[in-house]
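I have a structure I would like to understand better, so I am pasting it below and will then ask my questions one at a time.
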């Protein structure tokens, strides 16, 4: 694949969200598992909103503000089952205009 | 601890399956509560989207009068793409351009809102912005749902789970396990707006008619999946979806949005979407496990419809019509059970399964029962084949002084170089068998 | 205490797009919401009801779909809702809107006397902030705009004390009921409705009034006819004729680009450098 | 329904009375002449928007060939004559002063009555107010009392060449479009204009004018609303975006609230203020007072640096009047580059520290040279 850079934040900027400030609906259960036990860290490239970021020190951080609520992160974390996944509180999260 | 039922039925979710179920029950005079977590019906829902008229016709025969339909499809293109070219078929017929039309592009957020207005006209109560946290059990029977609001418990004789592909409620209740990554596709899509005239010119269509392009090949970076481009009234939906397990195991660690961006830059696609203003970027899972992945779909006081039950025909890219049909059949089962004064235990709801078995839903899913496995075991369908075909086509039509017979030999040699003859024959047989 | 809260259903203006070629508004896909400023007023009204008891009646002028906005307010705890809807209202500017809403409030007051009318500070689509003052004027109500806090309500003496945002500070104002209040934004947070309230709201029969139901007789005062202002032109922004000068990061490094930029800025704006230095020295 | 921009009458044509509405000015109303500006003052200070409006009124009056009047309402011990003299230097020809004990400190009821009486007595053609909490409160009440048209939050005022009416342009629908609004058959034509949209006029100390005095005729006992107290904002170093010389603004492109410290750093070095966009304010990254744009503040700095801001029109209308605009954005197609003077396509998180360092070094060097 040729190298192109895609800024997913620019894409997400077009979307309509009602962020439930202070109440992330997805949580990493145990951050140490991501850092030390998970090698692939596939959530950091499979998440279509790039909510999961691999940091320089090998940790994985999660910011759910841009979440598209697809569920991929939960399903692919089969080896570690380390994603605590719920839907956002009613009325919050992504609000598709066209769908 | 069983509370008295406040409703005959609760429907969780206001997508096509939930709306079909709520509409059918409300029409029959049942007291229905429908609970949707989005701000409005459709605000959490994503589809390409193609609407097949038939399933909706059986629920709302005159839907064409006021449903928000974008364009009816008069042309279907199937493209195989290599790095910088495509080979394809275009099927276009005036037969598709005569009402009543059979297929339409729609924008789901608008369509679901419309469908929901019909559901409410039929008499169902809808509450939005409310997430159902879990099912309420009385022993082994579902008797209601618990929502994320204060005093959030509500009770009904039966709960229809139309809560989408993640099937959160049934999963939490232990009705079925997590969907495996190999049984679900992750699709991303953008909606690109452009003047209506531009769409008419670029796709050679009229004011109301439109084109569908389905694509396989290099665009999926070796993963099992397809790309699509649909024409709406004044926008284009463009997307790509691959099996989630393939995304996870992709050695290139290609992100879905990068995949889509690359597809948009393909020289065969870029001119079609040039100048389009991206106004929404969406992602969604599609249950593609097919027949073998359908879970138990009813039990004591509960039924599953739509994506939540995995009702998608991946080969024909059909989902919403299966969803509506499952919703309708589940509703009819409830209506019959109610009329019979049943206790809504599993035995009184099994008519749902047999009605499904008799319908196109299970018949089609059965017909293609082995397709997902065959395709998945043979990634060449998505990788080398499109390349080979494109190469072959180019060789045949390039006028360069080489005779056609020699060219055929070249093509054949190229095919064999890429894949052994026995493999080619075997593939053809497998594919034929899988989608026959 | 009987409180009337006037709301408007508005397009979520953050989502409005302009057609790239024709410069017309593309409303498709723009969701309709309760004007966010109105919710601060509604919440304040509900708090007064929680404290003093009584009734909150919602009033809205708009198309039939605005029923949804009113239903939402019912779920938050409003007791009743009236939608004044009539084709004759189309094209109303703020003056005509305040006339129609005033008629609505008067009609509601016939059922039960009104102590306080709330409106939003302004709408997010029109941004005029004129309808609240307009209703107050027409009804002869004391007007309290940009209220940041309701300090005290004395039911016996029928007085109310509020803090009102002004330039550089807040005014503490005391007045008599009935009055009209517009709340400043971010002065409270709308409650999350409970489930029984949601179910109640879903089934609530919002009252729909035609112009006659609202007691409007003078057709010259509503809709386009009753609007002194004329929208003569709608247009998108014009691109600046001068082109942007790009400083290329690909061919030179960050430091050089920064130095280059500083030179360009100070050449373009000769007095800026000395202004900055003056600041530095003082 | 306010100001829904349905393009009604074409600007040039004499409107034929669409929907049976009256668009002709009656003979009686043709007598209304002159441009008025409400001079907003509180506790000894005139709000700068009033002078900006006097400057703008001057241009309108010159086009129409009429006079500019400043209107001052206040208490007997307030220096209204001094304010009037200042108004003359900015371009006013006349001043109307109404002094009364009940007019000390703004209250809607006496001010509405006073303003309405003055308008009815002297009949101005155009009446402008600042779009402040005082100006908007008063304008709405006065316009409703007079049953005339009022256009809020204007960004441009012109005289329509055909009808000679005030053509007031304002952003609408959250700033994605502009619309021009006219009041054809009613007088006065009223408009509010937000601070910093119009240029501050140059004062001409030689200019003078006439003052006309009027009385209100209201008794305190008859006024229902009492002003009990004024609590000045405690925070003395409060954010003052509209009048800052240098503003460094950050947008969602900064990725997270922590990165805003890079913006603050550069602003500190330049002795400027920090601005932001609606999405950042909505996400709670910065205070609401820092929002630049249609729903935030209009600014007019000498230098405006936008980092990680796409430049949606909503933001653009708030900052495009800056003398020099510098944009830093990763997307070369971002609309900010359509109205910036200088652009850098790059990551703001890297460009900002480099700029901060370069500015600091440059200013340090120059101040040594100056000293």
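We call the chains A, B, C and D, going by the order they appear; numbering starts again at 1 in every chain.
Just so it is clear, a residue touches a chain if its C-beta (ideal position, glycine included) is under 8 Å from a C-beta of that chain, and two chains touch if they have at least 3 such contacts.
These numbers were taken from a predicted model, which means no experiment stands behind them.
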| item | value |
| --- | --- |
| Chain nearest the overall Cα centroid | C |
| Pair of chains joined by more contacts [C-beta pairs], A-C or A-D | A-D |
| Distance from chain D to chain A - Cα centre to Cα centre, in angstrom | 43 |
| Centre-of-Cα separation between chain C and chain A, whole angstrom | 35 |
| Centroid spacing, where centroids are CA-atom means, of chain C and chain D in whole angstrom | 19 |
| Distance from the mean Cα position of chain D to that of chain B, given in whole angstrom | 52 |
| Multi-partner residues of chain C (at least 2 other chains) | 14, 17, 29, 31, 192 |
| Junction residues of chain A, two or more chains touched | 89, 95, 97-98 |
| Where chain D touches two or more other chains at once, by residue number | none |
| Touching pairs - complete list by chain label | A-B, A-C, A-D, B-C, C-D |
| Interfacial residue positions of chain D with respect to chain A in the complex | 252-253, 255-256, 279, 283-284, 310, 330-331 |
| Contacting residues of chain C [partner chain A, same complex] | 12, 14-15, 29-31, 192 |
| Residues of chain C that touch chain D when the two form their complex | 8, 11, 13-14, 16-18, 23, 25, 61-62, 89-98, 122-134, 136-138, 142-146, 161, 163-176, 185-186, 223-225, 227-237, 239-240, 242, 244-249, 254-255, 257-259, 261-262, 264-265, 268-269, 271-273, 275-277, 279-281 |
| Chain A residues within the chain D interface of the complex | 7, 9-10, 13, 19, 21, 63, 65 |
| For the chain D and chain C complex, residues of the former touching the latter | 1-11, 15, 18-23, 40, 42-43, 47, 105-109, 112, 132-134, 136-137, 139-141, 143-145, 147-153, 160, 167, 170-174, 176-186, 224-233, 245-246, 270-271, 278, 288, 294-295, 302-303, 313-314, 316-317, 320, 323-324, 326-327, 337-346, 350-351, 354-355, 357-359, 362-363, 366-367, 370-371 |
